[in-house]
Amino acid sequence: MENKEKKGNAFTNNPIVKAVGAQKIVVLLAVILLYVVFFVMSSSFRQYTTLVSLLDSSYYIGFMAIGVTFCLITGGVDLSIGTGMICYALMGAFCIVKLGMPVGVGMLICVVAGIIFGFFNGFLVAILNLPPFIATLCTMMITRGLGSIFTGGLSIAWPSSSTPQGWFRTIFKINTSGVLLPIGIVFLVLAVVIMSLVLNKTRPGRYIIAIGSNKEALRLSGVNVVKWQWLAYVISGFFTGLAAIAYAGVLSSSVAPGSGAGLELNAIGAAIIGGTSMNGGSGTVVGTLLGVLIMSLLNIGLPNIGLQANWQQIITGLVLILAISLDVFKNKKLARA
Amino acid sequence: MGEVILTMKGIDKSFPGVHALDHVDLEIRKGEVHALMGENGAGKSTLMKVLTGIYSMDEGSITYEGKQVTFTNPREAQAAGIVIVHQELNMMNHLTVAQNIFIGREMMSGKLINDSKMNKEAIKLFQKLNIDINPNDKMGDLTVGKQQMCEIAKAISHEAKVIIFDEPSAALTETEIEELFKIIRDLRDQGLGIVYISHRMDEIKVITDRVTVMRDGGYVGTLITKDSTKDDIINMMVGRVIYEDPKTESNVAPDAPVVLKVEHLNAGKMVRDVSFELHKGEILGFSGLMGAGRTETARALFGADPKDGGDIYINGTKVDIKTPMDAVKAGIGYLSEDRKRFGIVVAKTVAENSTMANLDNFTSGLFINKKKENQIAQRYVEELKTKTPTVDTEVVNLSGGNQQKVVIAKWLVRNCDILIFDEPTRGIDVGAKSEIYHLMNELVAEGKSIIMISSEMTEVLRMSDRIVVMCEGKKTGEIDIAEATQENIMHAATLRD
Amino acid sequence: MENFKNNKIIKKIGFNRVVLIGVLILMYFAFALVCSIMGKASFINYQRILSLLNYSYFLGFLALGVTFVIATGGIDFSIGTVMFCAALVGGQLLTKSGLPVILCLLICVAVGVIFGMLNGFMVAYMGLPSFISSMASMMLSKGIGSVFTKTQSVSWPQATADDGWYRSLVKVTVGGVTIPTGLIFLIIVAIICSMILNKTKAGRYILCLGSNKEAVRLSGVNVKKWECLAYVICGTLAGIAAIVFVGAYSTVQPGLGDTYNNDAIASCVMGGTSMSGGLASIGGAFIGVMIISLLQEGILAMGFQKDWQYVITGIIVIIAVYADVRSRKRRN
């Protein structure tokens, strides 16, 4: 048998490219390219407020995407993040507005609800061995229903920034003498750094990668695979809870029941574009962040060049198809090598 | 050889319908390499799985370092110093070498994993073994040989006292095997007990001190390697003289036309420039060691895997086979070595499986003609003596031999002229085996031609009219049955570059 | 119990389906009982049954279609939105462009077929995982539906209008009595589907490849073609579902439809179609559809929010899939 070691081309063998990852560089270039294209094509895109709203949408997609990256790396998926996020935001809003709880408690409720449903998903997948996509589909239905049931089918708004309760919005942007500072990006980047560290430098992260790579081998190494697989879904739930806060924080209008369907695809698409494989075992949080930027750019940029919201769904669909085709193609190439 | 470190006594284990281990004994001493031999399905792997706690035993006792022990999972066995280097490598390809070696016991600094320390430790291990691997490489990027070295390094890092090698050389090159042997001798000299599972007789003679032979789940006996001959061991393994019933001369007429001609077939790394001819009414045996590329050749020929090049002629006409569809159209049928995965649809009935490859003939108008389908299925059940209650029985309920007959029926219903039998009797009991042999002989007598891939020497010598031997993806010999001996086949099978 | 299970008629219908029919009947009377206790309007009347059936028609076609896809071991999350997309495109052409009704009905089916082909191509020929690729086409169909109608809802003509004849596919009123012709339509199509699945080459290969695709491929069968066909059948039926949907409800809104995927999948799984493929029951799906339709009617009748239905369907699917996983484990 001859030497089977992988060869690449000049680009992929470059030490810097190797360290950062070829896909990430390509995606980063795509982000820049997309930005430039929108910048040139649309004058409204050049406005500062557009940049702020671009970041606004990247917060909640970003949190969801970070969480779901962990599920994808185990070789699973979490489809409940979109409806889940809306459900938790509705619960929080209900508690604050209808029950008069402080906003801090409302936020806590978002996160706790997220963790509970993440726990539930993990139970279905790791303990009951249901296929992840079908288990989380059920949670998707359940959270969709529950969110709406909670508010009696009504839309509820979180306190606006002009009210004293509206302080939580300053987590994401502060208005200093008329200029909006998008400080939410700090939290998103912080989350990316921490979760990157968790994924690459801690045991849970290591085992989550290993589960996606070869679950049986990890089990034979005496590691409790059930626990760590379960954890991936809890992480996803926790971040969906954070996403709910971000969604409420940047959204000026009320949270509408039933508006979460399809949002999970933004997040899953972002993760896959960022290089996380649907087959499990590989993926990075930084790559996911880049994918999120692409998704937000499309969400915010397209209306600016005259393609309204309904076009976005089409574009999201196409981007998703492109991303998974690339992933499947990549894996096929690996298998043949 | 030192004192006894591990004793397994009267180990008994049953699975539903199978008595996998029947009161097996095994004794390992410090500083010895102990071969565990037996044919496929003899129970070697099961015994090792009982030892390392993957399976629990029904009866028997394990004494390790003077104390009676029972391990309930591989981790406990590892902790005690019994480590297994698996046949199918248990690697996480997405992680680095060092990360794999220390999986489950990462070195920490505070809450974070200290990868650089793990890399350093890995280098130390590799130095001990005298091998050169970068611990920071992704496991998936290494060759199989190097992956195996990593497994060994992992075993040593567990401070193993007993290491079990499960067919370690199956996928290795000659140089890699030499390296492996050097490491094994080193480990032996350091006083470890080593269990070496292998099919390769020549290796056993070279590397092991004692041999324990198993047959059909039972313990046959233990020999001192240097005091015994190959034949002694083989006789213990098969329980009979190997040349019980060898074919002495080819049954093929000298002027039999060539039905299949393969020229310069290439596919990946396992099929390199393979050419051969198959005559009408011939059984062409394909012999070779595990991983010699025989199955890969058959799959590429059949269109199951992509080809890189090569020409195929059927009855003198060149055919382009890209998919199994093309192959079946050209009259080739393939009986896979892995029936459950590639041969039958277990959840479907005997009749449904029988007509799978030729459903067009059983469709009248829009609908499947169930009556006709059942008739033909019934016909072949009777002809092949398939033991099934009815043709409407799901194949999952049939024994291995009878499942194989259903696969044969499938290709007979299709009326294929060329049949590729890949390990036709693997996992099939003795009685059913001779029935399958009988069937194959009948088929060639009817004018069909058979390619038979087999790892069992008895089978090759008993059935083939001519034998093609492969090694590392290349054809290394072609022997007429009149001249074939176990030795010259083995010789060709180990002709490495 | 064993005697009951081994009874000839029971065996013919299938024990699970007999149980399901039992559940259906029990549910019906339970709802009736609860409604009367709660002092709501009586549950047992013809209008209720008609309304229940209205829901079952389009759901029925969706469920029949997705049964074929699940039989191959795949999934189609786009059926609900494809149905809406078809109804929107057809309706827009009918009301705004004035195309003849018959043509618009055909266009509905054509839209379904096209999406079915797209899904089939992505899964069978490109090798994409079905759940995510069909979610992508869910987004596509949603978007195309709203782009085509400029985010306006579309109302198909009422029964009394000139172009309203298509509604007789769903119900006909003769002398003040409403006859649910849609049920007959659904049953006929269900019988056809059952025959395709169990009696034709296509059905045989779809079921077999759901069970062991590689073995079927190595038998020289064009598995890609047959796998793709399952998605095309599914899309076609989603197109037909669009027709009976507007026949029953007239108005279609863009941006909706994805919740019906879940109802349809739940119906199949409940009816004994296995999510891991190879095992499918059209009859079971039909009964499952009736149960889901009854459930939604019951929830409405008791005055609860419709959203309860999502929650309950979610739980039902978990239980059904878990039962399937368990029974598979036991068999191996």
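Which chain is which? They are A, B and C, in the order written, and residues in each are numbered from 1.
Please note the rule applied: a contact is a pair of C-beta atoms (placed from the backbone, for glycine too) under 8 Å apart; a residue touches a chain by one contact, two chains touch by 3 or more.
Keep in mind it's a predicted model, so treat the numbers as computed, not measured.
Asks: Could you find the chain whose CA centre sits the greatest distance from that of subunit C?
Replies: Result for max centroid distance from subunit C is chain B.
Asks: Using the stated contact rule, I'd like to know whether A-C or B-C comes out ahead in C-beta pair count.
Replies: When the contacts at A-C and B-C are counted, A-C has more.
Asks: Just how far, in Å, is the C-alpha centre of subunit B from the one of subunit A?
Replies: The computed centroid separation for subunit A versus subunit B comes out at 45 Å.
Asks: Find the geometric centre of each of subunit A and subunit C from their Cα atoms only, then give the gap between the two centres in Å, rounded to an integer.
Replies: 31
Asks: Centroid of subunit B to centroid of subunit C, CA atoms only: how many Å?
Replies: For subunit B versus subunit C, the centre distance works out to 46 Å.
Asks: Can you list the subunit A residues touching subunit C in their complex?
Replies: Going through subunit A, the ones touching subunit C are 77, 79, 124, 128-131, 133-135, 137-142, 144-146, 148-149, 152-153, 257, 261-262, 265, 268, 278, 308-318, 320-321, 324-325, 328, 332.
Asks: If you look only at subunit A, which of its residues touch subunit B in the complex?
Replies: 1-6, 197, 201-203, 206, 209-210, 212-214, 216-218, 220-223, 281-282, 334, 336
Asks: Along subunit B, where are the residues that touch subunit A in the complex?
Replies: My answer: residues 54, 73-76, 78, 90-95, 99, 103-104, 106, 108, 111-113, 115, 140-145, 171, 173, 268-269, 472-473.
Asks: Quick one: which bits of subunit B touch subunit C in the complex? Just the residue numbers, please.
Replies: Answer in residue numbers: 302, 304, 323-325, 327-329, 334, 336, 341-348, 352, 356-357, 359-360, 363, 366-368, 370, 396, 410, 414.
Asks: In the complex of these two chains, what residues of subunit C are touching subunit A?
Replies: For subunit C paired with subunit A, touching residues are 75, 77, 122, 126-129, 131-133, 135-140, 142-144, 146-147, 151, 254-255, 258-259, 262, 265, 275-276, 305-315, 317-318, 321-322, 325.
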